[in-house]
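Next come two complexes built around chain A: one with chain B, the other with chain C.
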Partner chain A sequence: MQFDIIEKGQYTIVQVNEGRFDAKLAPAFREQLEQIKGNVRTHLVLDLGEVRFMDSSGLGAVMGAYKMLRNTKISIVNPQKPVTDLLKLTRMDKLILSHPTIEDALAPTA
Partner chain B sequence: MEAAALTKEILLVEDNKVMLMMMSQMLSSRGYRVVTAKHGLDALTQLDSHPDIQFVLSDWMMPELNGIELCYQLKSAEYNRYIFFVLLSGRDDKESIVEGINAGADDFVAKDTNINELDARIKAGFRTLELHNQLVAKNIELDCAYATIKQDLESASELIQRMLPNQTRFKGVEINYTHIPSAQIGGDMLGCMQLDEEHIAIYLFDVAGHGVASALMSFSIQQSISSNSGTASNVKRKKDTDPFYSLIEPSEVIAHLNQSYISQDQNNLYFTMVYAVLNTKSGLLTYSFAGHPPMIWLQKSESHCEFIAQDSFVAGMFDFAEYQTEQVQLKPNDRVFLYSDGITEAEDQQKNQYSEVGLKQLVLALSNQPGDTQTDTIVSTVSAWCGAAQFDDDISLLVLEWQGE
Partner chain C sequence: MDVSTGTFHKQYLSSLEASREVAEDIVPYWNSLGLDESIVGQMELCLVEVVNNVFEHAYGNRDGDKFEATSYLSSANVLIVEISDFGQSMSNDVLEDLLSTDFVEPVADDPETWLQSRRGLKIIQQLSDKLEYFSHQNRNTLRLERSAS
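Here is the complex of A and B:
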């Protein structure tokens, strides 16, 4: 599976199980999000721990998620350095906070 | 081919005259048009003169060319059409059936099968033929559509090439660039222009994604930046006092483009960009980024390379995005490199990326080459490193050299 979706009460976790979040994966991600957006309550957690490389299409998909879920809190969990660098370069780190673990992302203070 | 156009025509191959006549009548009574042949060779001749026949009902044992041999020929890839082949025989032992299947036969019917079963089997065969013919027709349509798209992409690619700057030599400034669109064309574009006697603008942007949508957006952005009519444009504004215009700051140029290209739809097309203005007298370079990879600054006199980076939102995505103008002071013979991620994300056979750091080192290693040579060498070096004939993404690289006053 390219994605695992865990829906638990107020939060939804989308785990990306691919090493490359690129033009090949981005449409499927967008589709997946379209399907679950009605169920996402208050917090969407993107677990990108597996992603070693994200290209401009992958970034576009993440930005698209942010725009699609305007009133939902979005967190990124466990990003590797290339992803962190790209999020910082494009200031997406200011809009979507990153956390080392899912527990941290779900902590009330996060 | 329309499904309805499929004639229910059958070639019946049988060496026994009585049997031939009997079966022929039986089939005719069920509404099939029957063409007959008395053995395999005759069958080939009949098929040649009846190019619409796709259904063959053939006896097994025959002189000249038997049923199995005929089947082999009609089912070979070289045969000019798809044939549904039914072997007709008294033999229905397992070994014969295996032989028939190996020859490519689609069905087997014992000669003493009653007409209702035979008719049902023939109908099933025609259904298969119909599906096959529809598939072939669809494939032809797809091939045509693909050829059209490919041609369109090539035309678009040519058009994009024509949007590249012609003038690259200015007083005190030399600009060199390389722009190689990927096979599916992407959204990279670059440019340079004289803003006034003392200022030259350079820029490079990369619309995310590939294909027509990205190329069209790229085309449009290029138009809005470069259309420089009189005193008012996206890079200059009118003023009431002498010299009756002022240059628009880089951050404002980008902010304006950002607002113009905010995507409303789900398409999420966006672009990253760097726009810089050089004062050709002082060597002051002012610049602004929109989520674009850093420029590389080759400081010639110190034999040193540095990144000029700015964290910033991409353009065309967020209406709240703000951009900053910053500046660096160049020294004579310094060079500034603008590029898109196509070159730094180029991969070798082991999927390692060339990387920004790699590019910076390469720029430094080739710093003694003249500007035009250096640009070409960078691209050919990265290309050789990748070991592939073609880059996966657009490659664009623009180098500005300030020669001093």
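Here is the complex of A and C:
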């Protein structure tokens, strides 16, 4: 499965089980988010631990989720260096915070 | 790869997954040149953005149109990457706009700043040392340079 959806308290975790979050994967991610958007809890956590490559299409899909779920907090967890570098380069790290672990993202102060 | 010249050159057909195919071929070639891991990673991102741009804009998301990828290390130790297509060329306005603007810092309560156009080309511009684009006899080439030193 390309994605796993985990419900946990007030959080919905979307785990991306692919090494490349790119133009090929982005449409499936958008479709997945469309399917669950009505049931997403107050905090959407994107676990990108498996993603070792992300391009502007993958980033665009994440930003699409941000736009779609305007009243939902969105965090990225477990990002590998190419993902954090891309977020920083495009300045999207100002909008979507990254955390090393799911527990960090779920901490009340995160 | 042409062993005598050390140049990578291959033809591909446009598709949504073509960027994966090209990256799978070229990244091992770059690694064989002994390039730094961070340079390889950044140039892989540039390569994927260029190939996606060809699919989306030169060929209007159409499958099966030919494009070519060439890469080599120059005598000055500069990594050269050239992607050529035979579709719709990019206008000068796009390139001029690209060179005159930076990434917009997103603001939480301003959705206009969230989804930026031409983000892929801006990434290429930021990560490469030099970007050139030229069209000749229906062949459009985007050429990137990146110091390997």
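Keep in mind that, in the parts below, the second predicted complex is superposed on the first by the 110 of 110 C-alpha atoms of A that agree within 3 Å, B and C clash if a C-alpha of one lies under 4 Å from a C-alpha of the other, contacts with A are read in each partner's own complex, and residues count from 1 in each chain.
Basically, contacts are C-beta pairs under 8 Å (C-beta built on N, C-alpha and C of every residue); 3 or more make two chains touch, one makes a residue touch a chain.
As the structure is a computational prediction, the values presented were derived from the model and not from experiment.
After alignment on the shared chain A, the placement of chain B and chain C results in a clash. Greater residue coverage of chain A by touch, when chain B is weighed against chain C, goes to C.
Once chain A of one complex is fitted onto chain A of the other, the partner contacts of A:Lys88 are limited to chain B, with no touch recorded for chain C.
When both complexes are overlaid on chain A, the residue A:Lys24 reaches chain C alone and has no touch with chain B.
Of 235-243, 325-333 or 343-351, the segment of chain B running into chain C after the two structures are fitted on chain A is 343-351. The interface of chain A with chain B overlaps its interface with chain C at residues 23, 53, 55-57, 59-60, 63-64, 67, 89-92. Of all residues in chain C, only 16-17, 19-20, 23, 41-42, 44-45, 48-49, 52, 55, 103-106, 108, 111, 114-116, 119-120, 122-123, 126-127 touch chain A in the complex they form.
Residue ranges of chain B in contact with chain A, taken from their complex: 206, 208-210, 266, 268, 270, 272, 291, 293, 309, 311-314, 317-318, 341, 345, 353.
Put simply, chain A touches chain C in their complex at residues 20, 22-24, 53, 55-57, 59-60, 63-64, 66-67, 81-82, 85-86, 89-92, 94-95. Chain A meets chain B in the complex at residues 23, 30, 53, 55-57, 59-61, 63-64, 67, 88-92.
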